[in-house]
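One structure is given below, encoded as structure tokens.
Chain IDs A, B, C and D follow the sequence of writing; residue 1 opens each chain.
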């Protein structure tokens, strides 16, 4: 729970950010820069207290697990980019990071993808005629949407043209539905702020 | 020691359960892509790629910014250095940076991740070098704006208005900030080209941006703009995989409807 | 400029002001509109109802302040449902800024049901590199969590954690993930669910923000998610299923007003567009 | 060496993850745990890169007395003060938390909450029935919007059914197609990087391009 002074500060900064909706102004600019400083600092603090301190103080200095020096030094190599002559060395940690990402993508992504493919094998016959129709429609929309993404098959092919058109409409319907279905959560975030301004703030300050 | 471990594990399967078929599948995908990359590189005939809406718009947008004498902004959003959609951004960034170098247009790149920042700076620097304008590269325009989503967004909104950007190119991994950036840049008067894999954010991009690359188009974009054989070959390889997936779904669905037990599904599940 | 052109060029700031009013006015003067329950929400509710007695349920609290209005009400309703049926809860938060928030509401509900900490529920809190730690939890919770809960108390002495050595079946029956982005349900799906480990993977029910709801539909279809509760409306639905109305239900009036408003501005813009083109 | 070493490292790293994740032997060693920690460690060791970038840019603004340089002073002051404070007291320190709760959290949520305003203005500006496709987009959007709140049912009891059908059938199918394509693209771009065919992350040192 916020103290009254905190509530005052929080209210002022909330209004300050909302003022951007009118136009860009010095108050917003100030808050923007305050946030830049605080957030960058917060990353540094969390990195140090969350992981850095444990690795340096406990693993390396206390437990003498000296192998941990390798990734520490490896990470530090990134700073060579500030010295033009040896800047190429910075590519070593970069290539390690990228390799790690590729490895994870290769190791973890094929299975969920196969899961999606297997699930697309649909038995059309449903419990009711309505379900059957929906199953068939799902199949048509799915295959046509995939066809929409074919980059090499020419659209002049009439079958391809029909499929890609249906696919394009299905994608548009999906994006429309995506828009309509998500307004609610956008509104919910502001609902949270309005709740703070109109209820939490007066209850905290004018108790 | 290692041998002992291996021996102990021998009676079990070689693959972690349920990983064999995914591995085979991955290998097939990679083989297709590799095959067509090699073909394209060797200059052998490959099928042409269809036009992707929105990509010529990148050149137009940079051209417009040049005429107006205002900067171009690019970002890969919240992706990490290990996120594949960030890889897609890099191919496009190289192209945009070269265009900007050629036309002498200011390029602003903002970042939410310091690891991505290092790579982006490298790419932009290299592109300016290749365009013969290493002097025009300004390191101050490759900016880190904290690793927090909405701090990053606020800083971007401020930069859009103050620097009066004329073009905004957003390709990569985006989350809630997608709409804030898109509408913010629109209010600053920018032409926008956006693309992402995220099906949550595509609706907002479609609404607020002038051109939107949907899903995998971001991976084809690099190939389309650069026309480099490797990328073109890769896109064709991807398309062959897509045809494979299409066929798999077709065959699987037929089997599902005529067989009591779907052998294909059972195999893929292994 | 005629009226049709004017209709197409309303200043955005006027729209902003009306949006503010549409949310604030119903908040201060609620109307109490009815709620209808969607199939996905009911699926989630029934899956949890049918859990074997004394199950351990893993609650993932992967969000912070910003998504709290949408997710916390559902989280509260589910926690009430679980405690009422005598299940045990382990809470793990992958968003650093949300860990304390989750602790606050869950401990309040535990108190409401007279549940004992360490026996009936445990809060692991947030750990640096949370998603990597989650991956490691499937091989041992105590080691992965550095043997400390949210307040730094040792986990290895807690009866609940002694009974649940790792985040796999048969120890944990279900993961309920309250998710707003990354890290979140995608991490559970790729590292904890049956997708990652066919035999010992834990099935999951997902509570997500309205924004990510449509994108998660394929996972419901495929059965990778056993249930899906979407956003504030999902919260209101869940509250009506559990039979105890709360914040989710209250917010839906403001939601109705905002939705109506957006539809009205779309229509206004189009009326102007069509008529000015006709002329 | 400048060319080969980074490429080799990318390849070996990726292979390591694949082997230790997918083979039973590798999985049993639990080596991936250590490897992930090593990855984290390099990231943490590189944590000052972002801060250095901010310092370089904002010190430049201050030195050149660029318009608005005073804001740069504020940003740097906040950065230095909050870092030192946090390092001394950890993020659980009283002052640290005070600032976090009273300033950081409300600003963060308020920026997020600007979205609904932008959604409204963008819907007004861009949802025009210009083409048939745009009309489909708009109608589906409105239907699902009405589904989400009680209004839909009040207008016509079938609207929620229509909205849910849209989400379950066409939207679900199209999103799956987008996702499947995304996976394929991810594998392909990863392969190009792995083989050094993509110039990008090594700054043009891939070699086989052009």
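In this text, contacts are C-beta pairs under 8 Å (C-beta built on N, C-alpha and C of every residue); 3 or more make two chains touch, one makes a residue touch a chain.
Every value quoted in this text rests on a predicted model; they were computed, and no experiment measured them.
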What is the identifier of the chain with the smallest separation between its Cα mean and the overall Cα mean?
A
Counting contacting C-beta pairs, the top-scoring chain pair is A-D
What is the distance, in whole Å, between the centres of chain B and chain D, each centre taken as the mean of its C-alpha atoms?
13
Whole-Å separation of chain centres (CA-atom averages), chain B against chain C
29
Between chain A and chain C, what is the gap in Å from one C-alpha centre to the other?
16
Expressed in whole Å, how far the mean CA point of chain C lies from that of chain D is 20
Shared-contact residues (touching 2 or more other chains) in chain C
12, 16, 19, 23, 65-66, 128-129, 210-215, 218, 221, 231, 233, 255, 258-259, 262
Which chain B residues reach two or more other chains?
17-19, 22-23, 26, 29, 81, 84, 87, 115, 118-119, 122, 144, 146-148, 150-151, 154, 162, 176, 179, 199-200, 202-204, 206-207, 214-216, 220, 235, 238, 242, 245
Shared-contact residues (touching 2 or more other chains) in chain A
17, 20-21, 29, 31-32, 35-36, 38-40, 42-43, 46-47, 51, 78, 91, 94, 97-98, 100-102, 104-106, 108-113, 116-118, 120, 139, 142, 146, 149, 171, 174-179, 181-184, 186-187, 189-190, 192
Could you pull out which chain D residues touch chain A in their complex?
2, 5-7, 9-18, 21-22, 37-52, 54, 68, 71-72, 74-83, 86-87, 90-91, 96, 98-117, 119, 123, 133-134, 136-149, 163, 165-181, 183, 186-187, 190, 193-194, 201-203, 205
In the complex formed with chain C, which residues of chain D make contact?
30, 32-33, 36-37, 40, 105, 108-109, 112-113, 116-117, 119-121, 123-125, 127-129, 138, 141-142, 145-146, 148-151, 153-154, 160, 164, 167-168, 171-172, 175-176, 179
In the complex, chain B touches chain C at residues 17-18, 150, 175-176, 187, 198-200
Within the complex, which stretch of chain C touches chain A?
13, 16, 19-20, 23-24, 27-28, 65-70, 96, 127-129, 189-191, 195-196, 209-215, 218, 221-224, 230-233, 251, 254-255, 258-259, 262
Which residues, counting only chain C, touch chain D once they are in their complex?
10, 12, 15-16, 19, 23, 33-36, 38-39, 65-66, 97, 128-129, 132, 135-136, 139, 210, 213-215, 217-218, 221, 231, 233, 252, 255-256, 258-263, 265-266, 268-270, 273-274
